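Heads up, the next two complexes both have chain A, just with different partners, chain B and then chain C.
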Partner chain A sequence: MTIIVAILQAVLLVTLAPLFSGITRKIRAKMHSRKGTSIMQDYYDLAKLWRRCEVKEGGSGIISRLTPPIFLGSFILVAAGLPLVMQACPVPFLGDIITVLYLMALPRFMFALGSIDSAGSYTAIGGVRELLVGVLVEPSLILVLFVAAIAAGSTNLGIMANAVGTLQAYPFVAIVVAGVACAMACYIEMGKLPFDLAEAEQEIQEGPLAAYSGPSLAMIKLGVSVKQLVVASLFVAIFLPFGAATTAAPLDLLVGLVSFLFKLLIVMLIASVIENSVMRARYKYLGRYTWFVVGIASLSLVFLVIGI
Partner chain B sequence: MELILLSLGLSCVTGVFSLVTSKAHAASKTIACIGGMAAAVLSFSGGIGALFQTATYASWVGPMPFTNFTLLLNPLAGLLIAVIAALAFAAWLYGLSYFDEYYDKGIGIIGFFMNLFIASMNLVILADNAFWFLVFFELMSLTSYVLVIIDQTEKSLKGGFLYLIMAHIGFLMIALSFFTMASATGSLEFESFRTCAFAPGIATIAFVLAFFGFGAKAGMVPFHSWLPQAHPAAPSNVSALMSGGMIKIGIFGILKVCFDLLGVAGGEISWGVLVIVIGAVSSVLGVVYALGEHDLKSLLAYHSVENIGIILLGVGVGIYGWAADLPWLAAVGLLAGLYHLVNHAMFKGLLFLGAGSVLHATGTRNMEVLGGLARLMPVTAVCFLIGSLAISAIPPLNGFVSEWFTYQGLIGAAMDGDLVMRIVFAFAVVALAITGALAVTCFVKAFGVTFLARPRSDAAEKAHEVPAPMLIAMVMLTVTCVLLGIGAAFVAPSISSIAASILVAPAVPVAEGTTLISLDTVSVVSPLIMAVLMAVVIAICVLVRNAANRKAGIKSDPQTWACGYEFDLTMETLASTVGANVKNFMGPLYAIRYGVNRAGEAVSRLLGRTLNPEKRSTESAQHDPEGTLSRFDRDRVHGIAPAEKRAPALSNSVFSVVNDLGSWFGRMESGDFRTYIVYIVGALIFFLALIILVR
Partner chain C sequence: MFSYPLVNVLGACLIITSMMVVLARTGRAAAFLYSFQSLMLVGVLASLGFVTGSTELFTWSATAFVTKVVLVPAILLFTLKKIGKDAQADLPPKLNPMKSVALVAVEVFVCFVAVSSIDLPTALEVKPTLAVSLAHFFIGLTCIVIQRSIFRQIFGYCLMENGSHVTLALLAPQAPELVEIGVATDAIFAVVILAVLVWRMAHYAHTLDADDLCELKG
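Here is the complex of A and B:
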């Protein structure tokens, strides 16, 4: 039964990813007082790329060929393991926080390698910067998860979700502060303004895509959208597990599914509103923002240690 | 035990034969390599056999009362011997082809000292008497010193000299530690230490001295400076043996002193904290400095500092759990430390052999002038990639498994810990996370800049795949890395039982079927099933994409798209590109190093020689107005390596302390080898006198 839930989650996130990014684009257009494209636009883009001839560029070799499937595949696997619909991991051995974090390191590794592979300087700089964003976010993310794990008494995401969902995680204030820090860290990881503009060719997140084309580009573009949803879902799963099913009864699961989609939509809406209300920061100053997040994460540790 | 003794004898005989036949280069090489491989097979089977048996002793009466030649083979020793034997086998196999380049540098000498080096490592592990332990420890340092300076270049001589100094500082501290214990028991037999309940003060002094002494051998911060200079200077397969095997002796020593020799006295929680803090600092600084390197082998050597830090984190949790009487923590901490020890030996050995193949094929270790090797050396590239993924702890490979246990240990410890301990463990967890993220960056750089994109020099363009023995050695270690990852559920219980034998406690359950379990943190992971799932999901993605490709066609365009500019090779990403980006965010951490470097220069001025070759090349680079610099030198000027900027506040205080320390050492060492030898002899006489007085 839980296996079905896992597959369902993964399929759902992959099929909905373009929709969510379409909605984000629509919101941006509205906030810019533009009419904007249809919210289905990303599906049209992907379908079009899918039918295009692929061009292998310059020096690129097998790594560039392997990156899109590995990128998408890893995030599908992460999506299958998160406690999204239920307050327990559908596949227990994919539900450890360390496993999730290191599984998400694989696509980052391949993404950056792929960017170097094509020999272009823009792509490679983007890839290296993407890695360094990871370096800057990782400390706050792990600190937050550390606090949550200790408060819940386990490193298993399902147990953490259950402890937070039933309000049994102690100390309470620490969890709330950790949730705030986690939201910020996940926001940076999603690659949105002021840290990154996920849709421009010479930016951190899409820059490395310059060398891809055709179905490979479609696949990795889909992967980037799925990544945003997975990162947002990670936050939702741990700190907003309310409404998720506590039993495996079909009705509970249905309620869990609906509430998960609702929560995810709200989170993505807030993220896109924030994204469009700020200006872009220079990459150089990224460190200052991340220090702020580290500060809040440390605050949650302090609250945990003194037990309030 | 017999198998290992046989192997030791074989090593010695092979070494001598190799020296005798050194005139006939090929014969000498073949004798050394085949003999070494046979010895490695023997000691490997001996070591593996010892894992599942109780400890066995062998003893011979020595000429003097304190020199009884006692050997002890217990599961921990068996593990270390097996790991070193596996590495040694790969190194000898690799040497069959690799040593062809060393014919004119004294192949007989290499064969002799390398055999002796491996034998002395095994003897250090086996020795159960402080006197013989120190003798073999010194033998290990000296034989490896000869292997470091075998190239006889200025750089290797300097690296070797620094290594010799640091090895002796470590030796001194270990000797002091043993003599502290001996003064309480009146005997140099480890058996007497083992049964003696030392006073807590004595035990702490002995432990701290031993920790820093063995730590200097292991290359932990702040005693790491020699490692990136000495290890890369040796022939690549010896580097693999040193970075993969020898520095593990340091970890072995720490474990032996803490759990075995001081076992009856019991540990203190503060020991665990010390080990964890040093481990955390080592892991972060090691990888940060690795990011600044252009030289493939130096980069790998700095990663040894990092990985020793990670091993120490596990060991620290073990010591903490043991001292605080938390059996699960003690067991999982040691399991994590030992598992990472085995893993690091395998993937670091593999990566050094890979770097050696690059060196063999192109004649350079400078990443800036390589590039595009993946197409020319596919097998090496695949092996190096898997090694890179393993060392970056990417699931389901072996590095992931041991780091997973390390995290579980740290988080589990924080759950039980009090206020202060929670902060310490949080610090350690964050350090490990930063290390993980930086290691990914560093190996993207190492693999990407060396093997991907296009060749940036003639040497890289003309590279060729290396001969079969070198490939087989690399493939062997690659397969081991993969198996230690996906087969973790079958390996972990054995390592857990070794941890149990160290702790003299029942083994805790760590695996069930194909799943690894962490009891206190209520979590599970299954590398095997993950590997299958990843393979299936990724394969589906590949198939779907390729189907679309077949429909729409695929063509190739030789020109790289450079956003409208005309592409040229200077546009490619270099190691210094990555370094400069990292420096942007990690500047203060490098500043510390420059402070320490300057202290190093102060020492070397007093020593009358420069230990820092970087400085001179920078100076020469600046006196070059014509711009005729090589690309490498230009990168050194503009990139990350040289520091002309004044170090900011944080490092100044560190600098002044280190500087004072440096000038103190400077006064002790007048800069003449002869004085230095007098100093060692003096120290030996002093300690012999001490022993006689104590007795």
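Here is the complex of A and C:
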């Protein structure tokens, strides 16, 4: 039964990802006083790319070919393991924070490898930027998840969600501060301004994408949208599990699904409003912002240690 | 509802609000945040009063409300208005404010290690808050060291003072009113004197930058 839930929620996130991406694009257009494209535009783009033939760069090897499916596949796996509609992991071994963190690090690693595998010189610079964001934000995310794990007494995301949902996670303030830090870290991971622009594949920022075409580009584009949803869901699943089903009864699951979609929509709306009210930072200055996240994350650790 | 965990949660709020005072971009925002922080302090005093059953603490919280939530921020805002465009009050701090959050976290941890060896019967349940109150001394010091604007350095003093107030309430909840009057009036007069000094300096030197003011000596 829970396996079905896992598969369904992965399918749900993959099918919804282009829609959410379209909604954020529409919001950006409205905030720029433009009419903007349809919110279904991402589906059209993906369908068009899927029909195109694939062109490979001369000199690129197996890594370039493996990157798109691994990039998309790892995020789908993470999506299947998160406690989204239930306050328990549908597949327990996929719901461990260590597994989740590694599954989120693997696409970044492959992305960076793919960028140096390409013959173009700009792609490598884009890969460096991607890695830099990872280096700056992942320690905070790990620290925050560590705090949540200690407070809940388990590294399993389902048990953590349950402990937070039933307000049994012990140092209360530590969890709240960790939630704030996690929201910030997840925002940076989502690849939004001022840190990154996920759609900027023609620029240096998402440089590795310049080397891809056809179905590979479609897979990576879909992967980037799925990544945004998965990272937002990770935050929602651990720190906002309220409303998620506590039992596997069909009605509870339905309520859990509706509340999850509602929470996800709110989080994505807030993220897109923030994104459109800031300017893009030069990558040299990224560290200034991430220091703040590190600070809040370490404050939550200190609160955990002193027990408030 | 009124128990030691509530005191500790309010203590955590003290740390968060004092960090916001340090991080605030403008002097005006810092004054309002300081007022909010003092409100948390009043909450700590009142909840401690409920927990320990000490009536003195209620009078303390009332006087703290008048002096710290209302009077001190009002004096600071008045000073800011007096300075006006005479000098630039909102100078950026010396240290990247984002890094000062990590610094505050380290300070709180060090203070917790320091107070963990204190074995006083009154401090058993409220050790986290005791650590917080001790940490306020260092947060105030941080504020004084990293801020270039002498107006913002006043907030450092105010934060230290709030910390000493909480420490006193935690360790001596039955202390007579006289002690408390000493602490409260101390804060008011010090802030008045500092505010007058800042205003005079701004009027004379047209700057609030501590680095520039160093050249005035002699």
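Please note the rule applied: the second predicted complex is superposed on the first by the 304 of 308 C-alpha atoms of A that agree within 3 Å, B and C clash if a C-alpha of one lies under 4 Å from a C-alpha of the other, contacts with A are read in each partner's own complex, and residues count from 1 in each chain.
In this section, a residue touches a chain if its C-beta (ideal position, glycine included) is under 8 Å from a C-beta of that chain, and two chains touch if they have at least 3 such contacts.
These figures come from a predicted structure and were not determined experimentally.
Visitor: Clash or fit: what happens to chain B and chain C when chain A is overlaid?
Guide: fit
Visitor: Of the two partner chains, chain B (first) and chain C (second), which one does A:Leu103 touch, if any: first, second, both, or neither?
Guide: Touch partner of A:Leu103: chain B, not chain C.
Visitor: Taking the superposition as given, does A:Met219 touch the first partner, chain B, the second, chain C, both, or neither?
Guide: first
Visitor: Looking at chain A, does chain B or chain C touch a larger number of its residues?
Guide: On the superposition, B touches more of the residues of chain A.
Visitor: Applying the touch criterion given at the start, work out whether A:Val135 contacts chain B, chain C, both or neither, answering first, second, both or neither.
Guide: first
Visitor: Under the stated touch criterion, which partner chain does A:Val305 make contact with: chain B (first), chain C (second), both, or neither?
Guide: After superposition on chain A, A:Val305 lies in contact with both partners, chain B and chain C.
Visitor: If you stack the two complexes on chain A, which partner ends up touching A:Trp291: first (chain B), second (chain C), both, or neither?
Guide: Only chain C; A:Trp291 stays clear of chain B.
Visitor: Angle at chain A, chain B to chain C, CA centres, as a multiple of 10°?
Guide: 90
Visitor: Looking at the overlay, what does A:Ile125 touch: chain B (first), chain C (second), both, or neither?
Guide: first
Visitor: Between chain B and chain C, what is the shortest CA distance in the superposition, whole Å?
Guide: Chain B and chain C, overlaid via chain A, are at closest 7 Å apart by C-alpha.
Visitor: Enumerate the residues of chain A that count as touching chain B in its complex and touching chain C in the other.
Guide: 301, 305-306.
Visitor: Under the stated contact criterion, what part of chain C meets chain A in this complex?
Guide: Those residues of chain C that touch chain A are 5, 8-9, 11-13, 15-16, 19, 96, 98-106, 108-109, 112, 127-129, 131-132.
Visitor: What residues on chain B touch chain A, complex-wise?
Guide: Going by the criterion above, the answer is residues 372, 374-375, 389, 392-395, 400, 403-404, 407-408, 411, 414-415, 419, 422-423, 426, 429-430, 432-434, 436-438, 440-441, 443-445, 447-449, 452-454, 515, 518, 521-526, 529-530, 533-534, 537-542, 544-545, 548-549, 551-563, 567, 571-573, 577-578, 581-582, 584-585.
Visitor: Which of the residues in chain A come into contact with chain B in the complex?
Guide: 50-59, 61-63, 66, 68-70, 72-74, 76-77, 92-96, 98-99, 101-103, 105-106, 108-109, 112-113, 116-122, 124-125, 127-129, 131-132, 134-136, 138-139, 141-143, 146, 149-150, 153-156, 159, 201-202, 210-211, 214-216, 218-219, 284, 286-287, 301, 304-306
Visitor: Per the contact definition, I'd like the list of chain A residues that touch chain C in the complex.
Guide: 172-173, 177, 288-289, 291-292, 294-296, 298-299, 301-303, 305-308
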